[in-house]
Amino acid sequence: MRIHEYQAKGLFAEAGIPTPESELARTVDEAVEVADDISYPVAIKAQVHVGGRGKAGGIKLVENTEEAREAADDILGMDLKGYHVDRVLVEEAVDFTNELYIGVTMDRGEGKPVAMVSTRGGVNIEEVAEEDPDAIAREHIDPAFGMHDYQARKVVYEAGIDAGLAGDVASILKTLYNLWEDSDASDAEINPLMVTADDDIIAADAVFNVDGDALFRHPDLEEMEETAADDDLEAKAQEYGFEGSNYVRLSGDVGIIGNGAGLVMTTLDLVDYYGGSPANFLDIGGGAKAERVANALDLVFSDENADAVVFNIFGGITRGDEVANGINDALDQFDEIPKPVIVRLAGTNAEEGMEILNEELVQVEKTLEDAVQAAVAAAEEVEA
Amino acid sequence: MRIHEYQAKGLFAEAGIPTPESELARTVDEAVEVADDISYPVAIKAQVHVGGRGKAGGIKLVENTEEAREAADDILGMDLKGYHVDRVLVEEAVDFTNELYIGVTMDRGEGKPVAMVSTRGGVNIEEVAEEDPDAIAREHIDPAFGMHDYQARKVVYEAGIDAGLAGDVASILKTLYNLWEDSDASDAEINPLMVTADDDIIAADAVFNVDGDALFRHPDLEEMEETAADDDLEAKAQEYGFEGSNYVRLSGDVGIIGNGAGLVMTTLDLVDYYGGSPANFLDIGGGAKAERVANALDLVFSDENADAVVFNIFGGITRGDEVANGINDALDQFDEIPKPVIVRLAGTNAEEGMEILNEELVQVEKTLEDAVQAAVAAAEEVEA
Amino acid sequence: MSVLVDDDTRVIVQGITGGEGKFHTEQMLEYGTNVVAGAVPGRGGQEVAGVPVYDTVTQAAREEDADASVVFVPPAFAGDALFEALDAPLDLVVAITEGIPTQDVSRVYRRLQDTDTHLIGPNCPGIITPGEAKLGILPGNIFSSGNVGLISRSGTLTYQIVDSLTSRGIGQSTAIGIGGDPIIGTDFIQALELFEADPATDAVVMCGEIGGEDEEEAAAYIDENMTTPVAGFIAGRTAPPGKRMGHAGAIVSGSGTGTAESKISALEDAGAPVGDTPEEVVENVEDLL
Amino acid sequence: MSVLVDDDTRVIVQGITGGEGKFHTEQMLEYGTNVVAGAVPGRGGQEVAGVPVYDTVTQAAREEDADASVVFVPPAFAGDALFEALDAPLDLVVAITEGIPTQDVSRVYRRLQDTDTHLIGPNCPGIITPGEAKLGILPGNIFSSGNVGLISRSGTLTYQIVDSLTSRGIGQSTAIGIGGDPIIGTDFIQALELFEADPATDAVVMCGEIGGEDEEEAAAYIDENMTTPVAGFIAGRTAPPGKRMGHAGAIVSGSGTGTAESKISALEDAGAPVGDTPEEVVENVEDLL
């Protein structure tokens, strides 16, 4: 779960990490008022969950009231990489001499947290990581002990941070790590961590992603969760409880529904393999409750791009006849089936299941390969 | 460092462990007032750092105002195993059906914390440990991870706590462990942990000792430290900075001063070996600053039991001539040397040191054995 | 012969009194698994499906001489349950639970490094030795006994391939669903190692997916250490970079590794043919046997 | 030959810029110890007694190819300094600092179990191989090179015995002050093991004291494993039960072990004569050689 820059900075400030003076604004008037309060220059920053906001015109530096009004007017309400901007952070512009990067994340390969520090702050750190991996110093943390003070210092010195700053940066890194751990974060980054002419250090931008699976123990963070209202279909998916990564909209014409991420991905791959193009990824998970099946169908039916739907279920513990009844019940909820639906059932009692299915409403195929090919063909037919 | 029962209960209550209703009183009137406020029966408990207060008359159960006044009057000001009682805890008497024991301490042999639970609460747990070790369930804790919830449950079930109580006792044990860890405690014990007829669980008595070396990070606990004013000589030792275990008063007639616990203990052993009896253990530690030496001498001179003093210093890094100068300076501070002092210097520049010593004031011996024998003889002579 | 579990494995079910725990205990018993105890705090003395329940894993292991456990405990308490199982200690712990906070798993993984226990999962379908025992939620009826080992990050995809194997008369020695979470206990390499050491396994199917570098590392392991032939499959060839699909393991990082292409070529370079479709995987297995 | 340290040991001093650190660095250098670096955060680039200082132990170890450290860091920061040294990693870490909070030491001890590092101390005088190197605060001049190993929980008591040994012409292979704290790194048994394996050590003096059960355990080890003869000494015979004397290790517990009697009889039963006085210990060593 991502939280906004202003929320992350709130957490940082509370933990004792210095942040620029700032306030959130939801209207142009509010933004101008706040900007006037903070002495100019001031930055007006779109609060949306996308990277590269600056380049996309979502961050503007303003020198006076007039410019502030203009910038706030431009940014509020704009569409930024598909995201609607309804909030801006109005923030003191920090006069910096240097930009650093610090971050904490989980290294999945190692199974343990890693702290990262670089003198190459203020730019896309992923690019730095790829082009010049040695420009980022890394220190793995033993999750049993947490970050030792010496580790914070070590990674800061290894990154080549100036001796005069090293102690302060190490101390901020330690605080960031503890916040990361205490909040069940997945990523916590400060980029840039600005250094002023007086060697003050300020967290000028912040990324803070929280492990969605751990929200139950962080009610304060859970409150910050927002439905991604930027795409109607994704909003609908969320409403139907296909949360997170269970629904991904793509650009093709074959709608795909299945159970289990690996099997659904494989279905996508097969659509591609047989010359089609997937319209979405939709994993409805275990079981086959009629309502969930109906919701899945409604979601894919709502996708204008999808011209046909392949429904691929491997029964597992759940019996195929139960799944078939679920699908029949789900289909009953539609007055009309708007797009060709190809169903393939496998696993326990699959044959019984296929007999139960209403072949007037859906096309039944025995193998995954046949089902996918039928769906690709059906989509092509609709197209033509 | 030990803290009083009332202070420990304050910490427990703050951490969420149920404790009986109680208040501290320093005068008889205060005690009676508090006792009246709490409904009778009420316990009046001496707050001193000794075990077995009940048997020694330091705890009394009272049924009404009159009895409360009488008990408070008896206990306040009493001498309890050498300790002066200046405070009592006035506490709701809990009507219990069962008494349990829970505790957390550092297992030195294993180098890790251990949690202990027993159904044999309310008695001297050390005796239980010796007579029936299996009556106490133990669970070692990995200090890197802290106590897992399952470990609290496991040790509670292994101790044979009733199923109906197990969850609550485990939860209190977990809280106790966390308090132990967060406070740098050395021992945290609840004995008895009382069970009422309604299966409520209440910490009826509490022991909480804190690692003196860790007080620097617990200013709140450091404030609770008290000078043990119960023995004039020990109070003097504390004043002189021979804190904690560096000075121990004994009952013999040969005063002993040295540097390094092992060497001082060995000097005691030799006094005994040569037929004498040590009056004290005094380790002045490294270096040989005149003031510290003078303080040590003054302390032992003040001990009426000590008839002679053996001063045994192994120079180590510090040179023997420096030590000798220190001793000379120290002796200069006394108008008169009240007791025979036998000095033995060894190690670096010991011979130069022995030449420097003022043999009019002290007797110099070359070996430890000779010095101890001389001191034992001198003490006998004084005695005679 | 088989890997990790067989007729003799004595299994504790942690969380046996919950809906999932109870249902799958019945399924496991029906399959013939030697489920000897359940462990649920506060439920000691009860019985579920004829299996005695204990308050702690320690008690269950001691009283019933168990050596493995299957964990159906809800995510909030699963980390603790896994520590309990590792510390018992047991030889094998199968963590079915999905959605355990990652930092909890990271700490469990840290403890795991100090033990000799095999942890499978979390967020996995479990492990089965057809005809002998299954620990987890795999549908027993699609499996058949034989000489092909199976390792997979994905549940239903495993079933898909097993179903095809079985229907073509190719049985399985043991199938291990290692789980799709970012941090898991037994990984591809450890599983491959087990199958390599198992004389009853003549070929191995390895089903990977995009994200991470486990498949690349497994390919290097196959190249250097495996004499038993391996047939591969990689799901997620068409997944767009940066999009998450299903479990968190399936992220295409921007760099060269982690993509389907990188994984497929690593496996093929290691001599493990990678099928384009599940059916092709089964054909490859037929060729390898 | 010697144990743990010799001419080649390349030593970092942690806390070299403090008063103690600086003084003893000079003493160690004077003795001939190969002190190659200091490590103090924020002091990188400075020099102390001609020794270059680095900000981190990692830097110091890398730049100066060091394999050991001596820790003079104040108690509040010593736990962290020990983790830094263990994780570097170094082969040998000698912790002089007295008064480190016990829970900090307990965590360091926990980490130690996962490493191959030898930790000596904390709260110890250090280790010396006479004529080659000393790491710590032992007074070098009382030692002489020879064939008797020495292990002691107490500093000045060690000096007392060494002084007697030297004055009687009995030199020492290596002397280890293992420290008197409740939790220490290298204990009697580990030190005995090192001397047993050292061909240049023909006898060992072991100085214990009341409290704990380390001496009893060491006696069992001597009985079962030592061919090199051991002479013992136990301080604290006259300590009254329940009173603490000096460092925390010296507590007589109520039970049968931990008392001077129990330790003395355990050692004597293991064939290690225990002297009543330090002089008697030296005489026993003469007999054993």
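So that you can tell them apart, the chains are marked A, B, C and D in the order they are listed, and the count of residues begins at 1 in each.
By our rule, a contact is a pair of C-beta atoms (placed from the backbone, for glycine too) under 8 Å apart; a residue touches a chain by one contact, two chains touch by 3 or more.
Chains and their UniProt names: A, B = Succinate--CoA ligase [ADP-forming] subunit beta; C, D = Succinate--CoA ligase [ADP-forming] subunit alpha.
Source: prediction; values computed, not measured.
Between the contact lists of subunit A and subunit C, the overlap consists of B.
More C-beta pairs touch across one of B-D and A-D than the other; that pair is B-D. Annotation: 28 Å between the Cα-based centres of subunit B and subunit D. A separation of 55 Å divides the Cα centre of subunit B from that of subunit C.
Touching two or more other chains at once are residues 107, 111 of subunit D. Across the assembly, subunit B contributes residues 142, 144-145 that each touch 2 or more other chains. Chain contact topology: the protein chains form a pattern that is neither a line, a ring, a star nor a complete graph. Pairs of chains meeting the touch criterion are A-B, A-C, A-D, B-C, B-D. Contacts from subunit D toward subunit B in the complex involve residues 24, 27, 75-76, 99-107, 109-111, 137-139, 141-142, 152-160, 163, 180, 182-183, 207, 209-210, 212-214, 233, 235-240, 243-250, 254-255, 276-279.
Contact residues of subunit A toward subunit C in the complex are 106, 108-109, 111-113, 126, 129-130, 142-144, 181, 184, 186, 211, 213-214, 216-217, 244-246, 248, 250, 258-266, 268-273, 278, 281, 283, 314-317, 346-348, 367-369. Those residues of subunit A that touch subunit B in the complex are listed here as 142, 144-145. Put simply, subunit C touches subunit B in their complex at residues 41-42, 44-45, 55-59, 77, 80-81, 83-84, 87, 107, 111. Listing the residues of subunit B that touch subunit C in their complex gives 145, 148-151, 153-154, 157-158, 163, 166-167.
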